[in-house]
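Below is one structure, written out as structure tokens, with a few remarks after it.
Going in written order, the chains are labelled A, B and C, and every chain counts its residues from 1.
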Amino acid sequence: MALAPDTAIEENSDVNPSSGGFSVHLSNFDGPFDLLLQLISRHKMDVTEVALSLVTDEFISFIRELEASGAGWNLDQATEFLVVAATLLDLKAARLLPSGEVEDEEDLALLEARDLLFARLLQYRAFKEIAATFGERILAADKSFPRVVALDPALAALLPEVLIGVGPQRFAAIAERVLTPKVSPVVAVEHLHMPLVSVMEESKRVVEALRHSTSLSFRNLVSDADSTMVVVARFLALLDLYRQGVLRFDQVLALGELHIRWIGSLEGEVEITDEFDIPVVLEMDDSTESGENV
Amino acid sequence: MSNVEVERSIEAILMVVDEPVTELVLAQVLERPIEEIEAALSTLEGSYEERGFVLRKINGGWRFYSHPAYSAAVEKFVLDGQQSRLTQAALETLSVIAYRQPVSRARVSAIRGVNVEAVMKTLVTRGLVEESGLEHETGAILYKTTSYFLERLGLNSLEDLPALAPYLPDLDGLDEILDSLTD
Amino acid sequence: MSNVEVERSIEAILMVVDEPVTELVLAQVLERPIEEIEAALSTLEGSYEERGFVLRKINGGWRFYSHPAYSAAVEKFVLDGQQSRLTQAALETLSVIAYRQPVSRARVSAIRGVNVEAVMKTLVTRGLVEESGLEHETGAILYKTTSYFLERLGLNSLEDLPALAPYLPDLDGLDEILDSLTD
């Protein structure tokens, strides 16, 4: 079970970085660990001996509330919470079942999932406590002001001529570097949200549909397709099946309705190639302007 | 030069500096062994207990600071109060970086359970955190705290960070498990 | 506020304030009668007799100075300790001032992401940077480079500073970003 949230997903562009405001602040918590920790401490329970079912129910209901509040959340926020919720539910389910053999592999897996979740929670709690110390320390340090005085003119007169140590060009290069805003590099992952369509998967659906109806129009065959990619994938699947001689095409008029008739066996495996599903690596085009990265 | 003279000389020097002074520099200038300088600084530090100022070693160097108890009076003079508060999220992220440095953003995210990109940017912009090379295997950018971080926390070095909670599970072991999950 | 508290507050203020401070200003800040301030200053002045520093009223204002008896150590420190070559931090700060002048210290801090107070003092002391009026809205002191700076860089005028690369983001836009971060 993958417990770690997908950390590669980027924030929404409308999030103001100064607010640190990526997190869910609707109920004064900051991420799933924070919520879980709050729920546990509300019941005054030790992290290591938590009555899971109660906390799980509250955790789930919090997620429901967030959802219902209409504030909405984006994919990675939701994922982070759902991963923890799923783990909790799993653990609760395991508790509800009569516990027989402990040596069951699934039991062991659940045990590990729980240990891992609590280990992470303990770690989070430790850093949360340290963060409070940091806040106090910064506050204390801010109350003490350093003595920073300019050198007395009489003493300054003793100093040798100052050496800047670089020429004008190097000086300009330093200015450029310093004046460039410190923006951490980002990896765009928007394209990952487009679901990949597998020709092999679509082939299976096409075969199933044709075996069921014997004859279908292409229009019918793609009527449930939710994207152009699926239409293309099914068309490619048809071409492949045609090559194997398991179907016939009928088209009375050019550009008219295309009918497909199944002539292969009604049972058994149909060989489906994966030649369309092999990833194609394209050379990256570096000539595009990187643009102003503010 | 007597002990008292060393102490007076140090006081005289610290009165004109614009940056913290290390024991080594004082030892060189006064031509005394460093142990003697350390002892003198320690004596001086204690001798200001009933004063409106203190002598502190922060980030490796010594200098005079106003006593925290009288900050209200000083603040009226120091108008440059641009120290805006860090958010809770920023503090938590900063604490993870401080104890795990050098550390990648993904690792910090995994520990905090949320995406920390925006917070990291704030910390970098504020000068509290800086880049520190790349992680060998993944090529991810690593981050560490700055000397300005030590100054803001009033710490002399990273070794002076308070100990993490003693009941914390072995972190290195946990990291390995987490890595195997996130890979 | 007791007499002792008044004395401690004055010490705290004088320890961090660069310019001599008048009794009147101290009286206003601490909200005490001027006679009380004068008495406190007099007590303090006497209390440093065995120290390496002194409290003196010069030109109407009070300020801490190194004790004249230890001037040899102070002079040696200034000559030994201070390098004639600028540090990286000083160079970076100088470059911001050169290209953004006139500019306030707060703005330079925001751009560099660290407190630049000490470095600014050094640059002023070294004669590379000087004050240049006040910012209209905030009243903050503005700084610009001096003719000595041009001389040391081997330039005839500010116009001879090399142009910054064209892909550098528009500076006004940058200011807005920085403002949003420091607000």
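Quick note on the criterion: a contact is a pair of C-beta atoms (placed from the backbone, for glycine too) under 8 Å apart; a residue touches a chain by one contact, two chains touch by 3 or more.
Predicted model only: the values in this text are computed from it and were never measured.
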{"item": "Chain nearest the overall C-alpha centroid of the shown protein atoms", "value": "B"}
{"item": "Pair exhibiting more inter-chain C-beta contacts, A-B or A-C", "value": "A-B"}
{"item": "Cα-centroid distance, chain B relative to chain C, in whole angstrom", "value": "22"}
{"item": "Whole-Å separation of chain centres (CA-atom averages), chain A against chain B", "value": "34"}
{"item": "Centre-to-centre distance between chain C and chain A (centres being mean Cα positions), rounded to whole Å", "value": "48"}
{"item": "Residues within chain B bordering two or more other chains", "value": "15-19, 53, 64-67, 71, 74, 78, 122, 124-125, 151"}
{"item": "Set of chain A residues in contact with two or more other chains", "value": "16-18, 145-152, 155, 181-182"}
{"item": "Touching residues on chain C, where the partner in the complex is chain B", "value": "7-13, 15-17, 21, 29-30, 51-53, 64-67, 69-71, 73-74, 76-78, 80-81, 105-106, 109-110, 112-115, 117-118, 121-122, 125, 181-183"}
{"item": "For the chain A and chain C complex, residues of the former touching the latter", "value": "16-18, 145-152, 155-156, 158-169, 171-172, 174-176, 178-182, 292, 294"}
{"item": "Residues of chain C that touch chain A when the two form their complex", "value": "15-16, 18, 65, 74-75, 78-79, 82, 84-86, 91-92, 94-96, 98-100, 111-113, 117-118, 121, 124-128, 152-155, 160-165, 167-169, 171, 173-174, 177, 180-181, 183"}
{"item": "Interface residues, chain A side, partner chain B - complex", "value": "1-5, 7-11, 15-23, 30-34, 76-77, 80, 84, 116, 119-120, 122-135, 137-138, 140-152, 155, 181-186"}
